[in-house]
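Order of writing sets the labels: A, B, C and D. Residues in every chain begin at 1.
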Amino acid sequence: MIGIALMGAGRMARVHANAIRAAGAKLVTVYDVVETAAKSLASNSSAAVATSMEEALHHPEVNAVLVVTSSNTHVDCIIQAVKAGKAVMCEKPLAPNLADAQRCIEVLGAQARNVFLAFNRRFDPGHAALKKAIDTGEIGILEQLTITSRDPVPPPLDYIPNSGGLFRDMMIHDFDMARWILAEEPVSIYSRGSCLVDPEIGKLGDIDTACVTMVTLSGKQALILNSRRAVYGYDQRIEAFGSAGMVISDNPRATAVQRYSKAGFGAPDRLFTFYMDRYGESYRREIETFLGGVAVGAPPPVNAIDGLRTAYLAEAAGASLRLGRAIELKNTCEVTWNG
Amino acid sequence: MIGIALMGAGRMARVHANAIRAAGAKLVTVYDVVETAAKSLASNSSAAVATSMEEALHHPEVNAVLVVTSSNTHVDCIIQAVKAGKAVMCEKPLAPNLADAQRCIEVLGAQARNVFLAFNRRFDPGHAALKKAIDTGEIGILEQLTITSRDPVPPPLDYIPNSGGLFRDMMIHDFDMARWILAEEPVSIYSRGSCLVDPEIGKLGDIDTACVTMVTLSGKQALILNSRRAVYGYDQRIEAFGSAGMVISDNPRATAVQRYSKAGFGAPDRLFTFYMDRYGESYRREIETFLGGVAVGAPPPVNAIDGLRTAYLAEAAGASLRLGRAIELKNTCEVTWNG
Amino acid sequence: MIGIALMGAGRMARVHANAIRAAGAKLVTVYDVVETAAKSLASNSSAAVATSMEEALHHPEVNAVLVVTSSNTHVDCIIQAVKAGKAVMCEKPLAPNLADAQRCIEVLGAQARNVFLAFNRRFDPGHAALKKAIDTGEIGILEQLTITSRDPVPPPLDYIPNSGGLFRDMMIHDFDMARWILAEEPVSIYSRGSCLVDPEIGKLGDIDTACVTMVTLSGKQALILNSRRAVYGYDQRIEAFGSAGMVISDNPRATAVQRYSKAGFGAPDRLFTFYMDRYGESYRREIETFLGGVAVGAPPPVNAIDGLRTAYLAEAAGASLRLGRAIELKNTCEVTWNG
Amino acid sequence: MIGIALMGAGRMARVHANAIRAAGAKLVTVYDVVETAAKSLASNSSAAVATSMEEALHHPEVNAVLVVTSSNTHVDCIIQAVKAGKAVMCEKPLAPNLADAQRCIEVLGAQARNVFLAFNRRFDPGHAALKKAIDTGEIGILEQLTITSRDPVPPPLDYIPNSGGLFRDMMIHDFDMARWILAEEPVSIYSRGSCLVDPEIGKLGDIDTACVTMVTLSGKQALILNSRRAVYGYDQRIEAFGSAGMVISDNPRATAVQRYSKAGFGAPDRLFTFYMDRYGESYRREIETFLGGVAVGAPPPVNAIDGLRTAYLAEAAGASLRLGRAIELKNTCEVTWNG
């Protein structure tokens, strides 16, 4: 049985703890800088509470580590866990900024490909079905990709200053979706951002409404739209157009109920507004994929290199916005811009 | 913690065993006439294998009993479990025929309302949302109800002779849906049946394609369509029309993916063909509802009386088909027909 | 150029007059018992106003006659027009009752097949596409047919007494749809009716909510649901289920616009509430089909025999409701019931 | 009655001629540089064939002129018609390039607002319903606009060299849609283009796959996607997202028929591949709007200024593609770029 050390005891740590239990793995120990949080999470399981990261990592029953700490500690935690010979899954993002992500990859070397980076949307049943349809040739050669990604409500204002900004915090998911589906690295990026949802977000130096254009060497075009607020719920759709057709991963709904009335004519059921309703299944499949890989020693389908490359795109998107021009992208993730 | 004795170790017993585990209850003991089946089911839990129904019922840790044996033993099992003071949930149907169902209700007396009869479709998220919409007045007064219910494939031929026939075996679910949604007992029933799917089913004396019309005292009309085979998968929809609108519980789908091609123009994703994909969620919610009721001592939302009344409708539908005429229904479930 | 005499100058006559103009035929003369109505209709065309049916029929430029008079004069008008050697299209129903329809067919003899009976729904693009899908084998062998047919609002109360009742006036369309799609005559019919929409309709001896079950010799089942009032607009759908699939002709909508809001999640656009929005295209195609047939001397796709057979089904449905039992149907349209 | 001179006798001229007839106006005279084309078009009406533009313009019965000549003669034709005191409707584009469009507007002066520029998509029922929903506040303040516009097949290769390129020829419609819906002029534009559909198009110096990002002063973002080929038919959708919701004008379909089979699960009916099926209704409404305006002397809802502004956007999009950078837009339509 796989024994797991959980680093972090916040909201996402709880999501993963539940998924671990459901997947039949054992939560061995929990560590968090806030010990009461670790205790609280451990209380409804037989997990031990570790007093340090090292203690958790070296627990004899632990063979896999889940890193769900705050972003700025991800890199150190990953490196230590890898050095301790453990299988590692790290919550996105890999690092709070590009420089840290690059350092992580350098230190890890060949091991970078063995670190599972938890971009959960790859495990969403709809998005995964879209990806599979493309991979099996259903739409011929992919030509245009449109990713719409809007959250129901903005995060609390006090979350904004340490979030890294919309590109690093929110669009990071869509950068990963784009790279995964394009199956080709973008060679240029152009971004625009506005503050339309809440002027307070703008005062904090961030944007809440953004769009990005990326192009690959072969001429594929990828567009991303983000908004921090969609009053009708999670609006996270992908549309892939190709030489032989199109496949759309539309928003899932609560049920297949339709309503007719004097003012409604077959209205489908509501979209989701709670992230666990929208993405719960993806978290379950993600953990199962991680544990399945650990069990047979297979490399993860999404790894720390993917974390580096999304960090690079987020950084470049920020530069494009600041500089008011398209940014040329390097396959080496080299920074070619100033300012 | 609620301790459960599972009577029966077949396919549906496994479904419930999984739902019990997921709901956090304890499977204490398993009994089946085929001891190897009981052992197999118990093997991946810490449950004991009982050598008799009595042993299982009187296990000191057991306070709730799930009856998932073959239909012809349901009544005796329920009666013994109730006498033993246990909370009981029984898989549908209550009994293999109307006479046995009536005997069960007579013996149980007032306790009949405390036996949870497992009509799982009441717990399907879509059907439950439709019911709620009606109960909250969204469609005004219900006037016409159309229940379409088609299975992906017919059961194996050797299942047919002991199935009790399509009305008792398959349409029993739809009779329960109709009564639940109408919130009023039908006063007449008219049925038609054909053998269109497989002539072998006809040789065994059964039908595979049926439709039923029921009317209530207030003039509400309910239609049920059944087929043993829909090549496109589970086709189990409910349509409720009323003075202020209509609500439809349509078929759920694998994902919200849509496909466009030279020959397809936004085709939605596939319907389900495996019953656990289609109804897994309903089984989970059913067990949770049962356990929740046991925990607080609340009566079940669907009980043995509902089992009797659906048995009566199935029996009357059979009579209508045989006699070629509409059958008047009595609130007492009295048989008014000959032959 | 085809020259047309229009018998009748009411609402449906105007619809046909417009369709005639759009189809490039010539409206030669108009007759109505109310001469001012004929004058009004003729005024925005160069058509003459006839002072008698005979005058209109024998106008030298007329080679086709459209009968859009009140139902009780259809038969005489058809017979005279056929005797005058004109091509004839008659608005549904063929006659106000079965006896008159039978008389019409007897008098017409072989000519009955040359009289175009205007069941416009056969020319509705959606219903016609469904029929074509079945005819080309898309769903294999048809097994179950469900026709839902609800009007937005009941007719004015003073229309009810002379309407012939719901089965003859409204469900007549659905009887024609059923026969057309089944491609096989029903051998039995069972009907139920309620007065749920407006008690005043009940006081006038009619019903406003009905359902009918018909079965064919080969065991195909056809269900019809009717209501005089659907608050959300025209609800006229057909669902054909067969051994290899299902095809549904769903309600058309104003546009393909979808709306999302706090309370709506992709609601499709409104259904139609005005009959010309819902059925305008079918009227245009109907006239084009009639004129096309006249031009090349081809027999109409729907004729007076169809008018007789739908009248028979309507009459039998009424008898079933009155007598509380299923009615056996004869291929000769013979009345087998008393009372 | 409005008498019309039709300038041009090609494919679009025929479309307008039919719409004129259906709208009850009179086609007085037709002029085309190819006289046989004019004769052919005039032959199935009572219209005269003019031997020169002047002759057509000064026909005494003519009070309105439709300019459907080749693009490079639009400006002269408009100017002459306006000088002749006629009401004018001109097919899009206003001019083959920005310089000619600017010259046209200068010469016309205040009259520019009286020239109806035929951007037919404004009259498409779906797009018009979307615009109305926005104008009535249904989605609050518009924030992001996504216009997807793909044609079923590329034009013939010999059409490409004189087309002006994708931005001027095809995306011109989408620029008009964007300006109309944004109700605010864009202040920047960034475009990308690829040749993915047919390398021959690339050899002719054009692109066949493009995307454009525009931003307005208030920060609204508008994205346009174009492809010359969508194998599934016309794919021309608009999606408007705002502070209180979203409205989508989806692709219309042939009928509301849905198909279920072993391989299809409720597939909607086909999209359109013939432009008159897709846009016929918009042409009818466009002519009716033009004639209605002429009748009451109302200014057109879309005029030559709109033609200038879309020409400016097309020109700037081309510059952005050539120069590899975003282009700042001036409200004066001034060219700020070199090369």
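One rule holds for everything that comes next: a residue touches a chain if its C-beta (ideal position, glycine included) is under 8 Å from a C-beta of that chain, and two chains touch if they have at least 3 such contacts.
Remember, predicted model here, so these are calculated numbers, not experimental data.
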Review point. Which neighbours do subunit A and subunit C have in common?
Key: B, D
Practice item. Specify the chain most distant from subunit B by Cα centroid. Key: D
Exercise for review: Could you tell me the distance, in whole angstrom, between the mean C-alpha positions of subunit B and subunit D?
Suggested key: 58
Revision key, fill the gap. Whole-Å distance, C-alpha centre of subunit B to that of subunit C, is 41
Practice item. Would you please write down the residue numbers of subunit C that are in contact with two or more other chains? Key: 230-232, 235, 244-246, 251, 253, 260-262, 264, 266, 269
Practice item. Flag every residue of subunit D that touches subunit A in the complex, lowest number first. Key: 141, 143-144, 146, 148, 150, 188, 190, 192, 194-197, 209-211, 213, 215, 219-221, 223, 225, 227, 229-232, 235, 241, 243-246, 324-326
Exercise for review: Name, in rising order, each residue of subunit A that touches subunit C in their complex.
Suggested key: 230-233, 235, 251, 253, 260-262, 264-271
Practice item. Using the touch rule from the top, collect the residues of subunit A that touch subunit B in their complex. Key: 22, 125-126, 129-130, 133, 138-139, 244-262, 264, 266, 269
